[in-house]
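The structure under discussion appears below in the form of structure tokens.
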Amino acid sequence: MTLTKDEMAALVARDIAPGSFVNLGIGQPTTVADHLDAGSGVVLHTENGMLGMGPAATGDAVDHDLTNAGKVPVTELPGAAYFHHADSFAMMRGGHLDVCVLGAFQVSAAGDLANWHTGAPDAIPAVGGAMDLAIGAKQVLVMMTLFAKDGSPKLVPACTYPLTGLGCVDRVYTDLAVFDITPDGVRVRETFGITTDELAARLDVDITE
Amino acid sequence: MTAFFEGATGAEEALVDVADGATVLVGGFGMAGMPVDLIDALIRQGATDLTVVSNNAGNGDTGLAALLAKGRVRKVVCSFPRQSDSWVFDGLYRDGRIELDVVPQGNLAERMRAAGAGIGAFFCPTGVGTPLAEGKETREIDGRTYVLEYPIKGDVALIGAHRADRAGNLVYRKTARNFGPVMATAATTVVAQVSDVVDTGELDPEAVVTPGIYVDRVVSR
Amino acid sequence: MTAFFEGATGAEEALVDVADGATVLVGGFGMAGMPVDLIDALIRQGATDLTVVSNNAGNGDTGLAALLAKGRVRKVVCSFPRQSDSWVFDGLYRDGRIELDVVPQGNLAERMRAAGAGIGAFFCPTGVGTPLAEGKETREIDGRTYVLEYPIKGDVALIGAHRADRAGNLVYRKTARNFGPVMATAATTVVAQVSDVVDTGELDPEAVVTPGIYVDRVVSR
Amino acid sequence: MTLTKDEMAALVARDIAPGSFVNLGIGQPTTVADHLDAGSGVVLHTENGMLGMGPAATGDAVDHDLTNAGKVPVTELPGAAYFHHADSFAMMRGGHLDVCVLGAFQVSAAGDLANWHTGAPDAIPAVGGAMDLAIGAKQVLVMMTLFAKDGSPKLVPACTYPLTGLGCVDRVYTDLAVFDITPDGVRVRETFGITTDELAARLDVDITE
């Protein structure tokens, strides 16, 4: 059976080591937080200047001075710290985050990431912190469906969309399989409702078990 | 020494010398930390042909979006113009009536920090091999490739803070801190909008985020 | 996650993996912020052939001076070795038994900041035309000359702070803050000596200076 | 009459505009603080991470966590702020201080400063924050005797001692005269117990009134 989005998020959460400092990208990656065990000691970073971010705020807890990178009101956990944007991105760029989780349009076999721009001529470019996260975290995890709506694979020999970062992706979580990007090529870690041979037949990328 | 102003009239007074063609750094990440009163005053003040440096390019129809709607902004330098409620910017951009310089968010912050810290340029790993680094100087240092990035300096910075003392020291609230402290170092004239002003000595010197040396004018509500 | 240790034995335990030949960043400006307990533990631990990066090169006969006196330090990188009570360093230097790399104080701080912030190198105006910039790459940017400076990264940082919480967040006291927060970003392993440890949640998140992400080990007295 | 050190310090203090942010170098320049009017709103910066530094601490006020750049215990004034070393030197390097006052071995007619190293082969080099201050403050004031103990002038055509900074000095306060270093050359602002002509005869530098 292929994974639901929620199952993918749970899978990512399972692989995050206790005590890790983690940044979850806007959109789908944000849902990973719902699957992190409160006792794991995982500390969430938000690029807009906070460590120790808690769940989304509701009701009276909504404070417009306290939002995540997606501008959604969030909460503060004990042990939180605030800092300004230059310090926040120094933390990212300097390699201090253990993990970041990002969505993607495409990932190449060499770990190149494309997730900020479709390349459409009329699209308004907007990058946010994606490029900083892509090159900064010790481990970059991607969550995406393996195939686009038109059926084309999103794990590709070389990205055709504009790049976010070069050779930065370590692992790709998809609805059909989890892949490790290694110096020796793309390795399949797990498949869901499909065999590695079947996957190989549908991808233009060499994959091994 | 920091000058103090109050209310809407005070805000206008504090911005009286913003010139046409100025580069204006505008704090905030979405609406958190956005100095809405100062932007409203800037709209009334009338300066035009502005370059605005801010993380986003306006939300809804107020604040930065209203300034854009008035046609006062020639160019926006930001990391993320496209948002669900950025219709004002989107329209101007598609009509070719505004320039856009997209900068990765960390580079935006670090380039302003460099301006404030007297750094002439810096080699940064962000964006290497991407369209945003095209045409820029690169260098390999210790086996890693870096792009050379230059400072972004403002004529004026408009920032939102939580509280000021009479010495101009500022503290912020939660993630509304964001770009404020960096922008305060990077502009010739720094104007802060705050919720309240306390006597000098009432802020904890260990917890001051922006020392008064960086703050020229404070506008309280 | 930050590990916690107590007392002299704890300090030794916290430094058990400092290797011969390591680069050790040592906080403090004179004695303010100097992590004396950690230096004492390092002396007992026995690592040798060290490169020490610190603002000064030891005062009197204790702390850094004692480490130097034991012959454990191959090289000192600092801004101001010569002080009224720096006789230990002075003697070693005049005997040719220790290397010295003098770095302007701001460059020392900024080069460690660069290491912590992932900056590959930066153009700095300090020291242009002086002996300390000799042989370094220079460039004119916007009519001003700059020297290219590279990051200084530590294997270990030993810093003194005032208080930690159980999440490893640190606050400092007055000018004892000095190099601590910068060094905490610039080393692979960061060990902080603090006066006391409080429960997580007891430090004001607005006033945390060094977030726990930077702190590997905390030693309390 | 030539000026005493104390009179020189008073003269420097007189020329610092109310409300200025000022760094006073180690040694002689530190004494300028004694002549600043408390009501002037002048704020003192110390390179080791503080704005709003007060006078030297005595008795119970001595706190070894609160010192000036010379490691002397000082006090904190209302409105003070603490920051770390990278921020402190960013403040200096970024041109945010209005004035710094430094001692000197030599100043050249072009405003080059030599104040950190005698050039003696057996001297242990130690620069501290001198180079950062020299190039950072909006206005760099030097305090020195005009002649060295051996009678040689310290205002020179070109420094023979190792440099601290190039073309950075704006004004030189000495026991015999105050000089402005201008793009058009060295201007005498004031003399003390000596005429400009007498001064000119004793210096190798062209000076004008």
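All chains are identified by letter, namely A, B, C and D, in their written order; residue positions are counted from 1 within each chain.
Just so we're on the same page, a contact is a pair of C-beta atoms (placed from the backbone, for glycine too) under 8 Å apart; a residue touches a chain by one contact, two chains touch by 3 or more.
No experiment lies behind these values; they were computed from the predicted model shown.
Asker: Starting at subunit B, find the fewest moves between touching chains needed to arrive at subunit D.
Answerer: Steps on the shortest route: 1.
Asker: Where are there more C-beta contacts: A-C or C-D?
Answerer: C-D
Asker: For subunit A and subunit C, what's the span in angstrom between their mean Cα positions?
Answerer: 34
Asker: Would you mind pulling out the distance in Å between where the CA atoms of subunit A average out and where those of subunit B do?
Answerer: Each chain reduced to its C-alpha mean, subunit A and subunit B end up 28 Å apart.
Asker: Rounded to the nearest whole Å, what is the centre-to-centre distance of subunit A and subunit D, using the mean of the C-alpha atoms as each centre?
Answerer: Averaging C-alpha atoms per chain gives centres 53 Å apart.
Asker: Going by the touch rule set out above, which residues of subunit B reach two or more other chains?
Answerer: 110, 113, 117-119, 124-125, 172-174, 205-206, 209
Asker: Hey, what residues on subunit D touch two or more of the other chains?
Answerer: 76, 82-83, 90, 92-93, 136
Asker: What chain pairs are in touch here?
Answerer: Listed in label order, the chain pairs in contact are A-B, A-C, B-C, B-D, C-D.
Asker: Considering the complex alone, what residue numbers of subunit A touch subunit B?
Answerer: Those residues of subunit A that touch subunit B are 46-50, 63-67, 71, 76, 82-86, 88-90, 92-93, 112, 117, 122, 124-132, 135-136, 162-166.
Asker: Which bits of subunit D are touching subunit B when the two form their complex?
Answerer: Going through subunit D, the ones touching subunit B are 18-19, 21, 41, 43, 45, 51-52, 76, 78-83, 90-97, 136.
Asker: With touch defined as at the start, can you tell me which subunit B residues reach subunit D in the complex?
Answerer: Answer in residue numbers: 1, 113, 115-119, 165-167, 169, 185, 200-201, 203, 205-206, 208, 211-214.
Asker: How about subunit B: which of its residues touch subunit C in the complex?
Answerer: So the residues of subunit B touching subunit C come out as 110, 114, 117-125, 139, 141-142, 144, 146, 150, 171-174, 204-207, 209.
Asker: Which subunit B residues qualify as touching subunit A in the complex?
Answerer: Residues in contact with subunit A: 29-33, 55, 79-83, 89-90, 93-94, 100, 102-110, 112-113, 124-132, 162, 172-182, 209.
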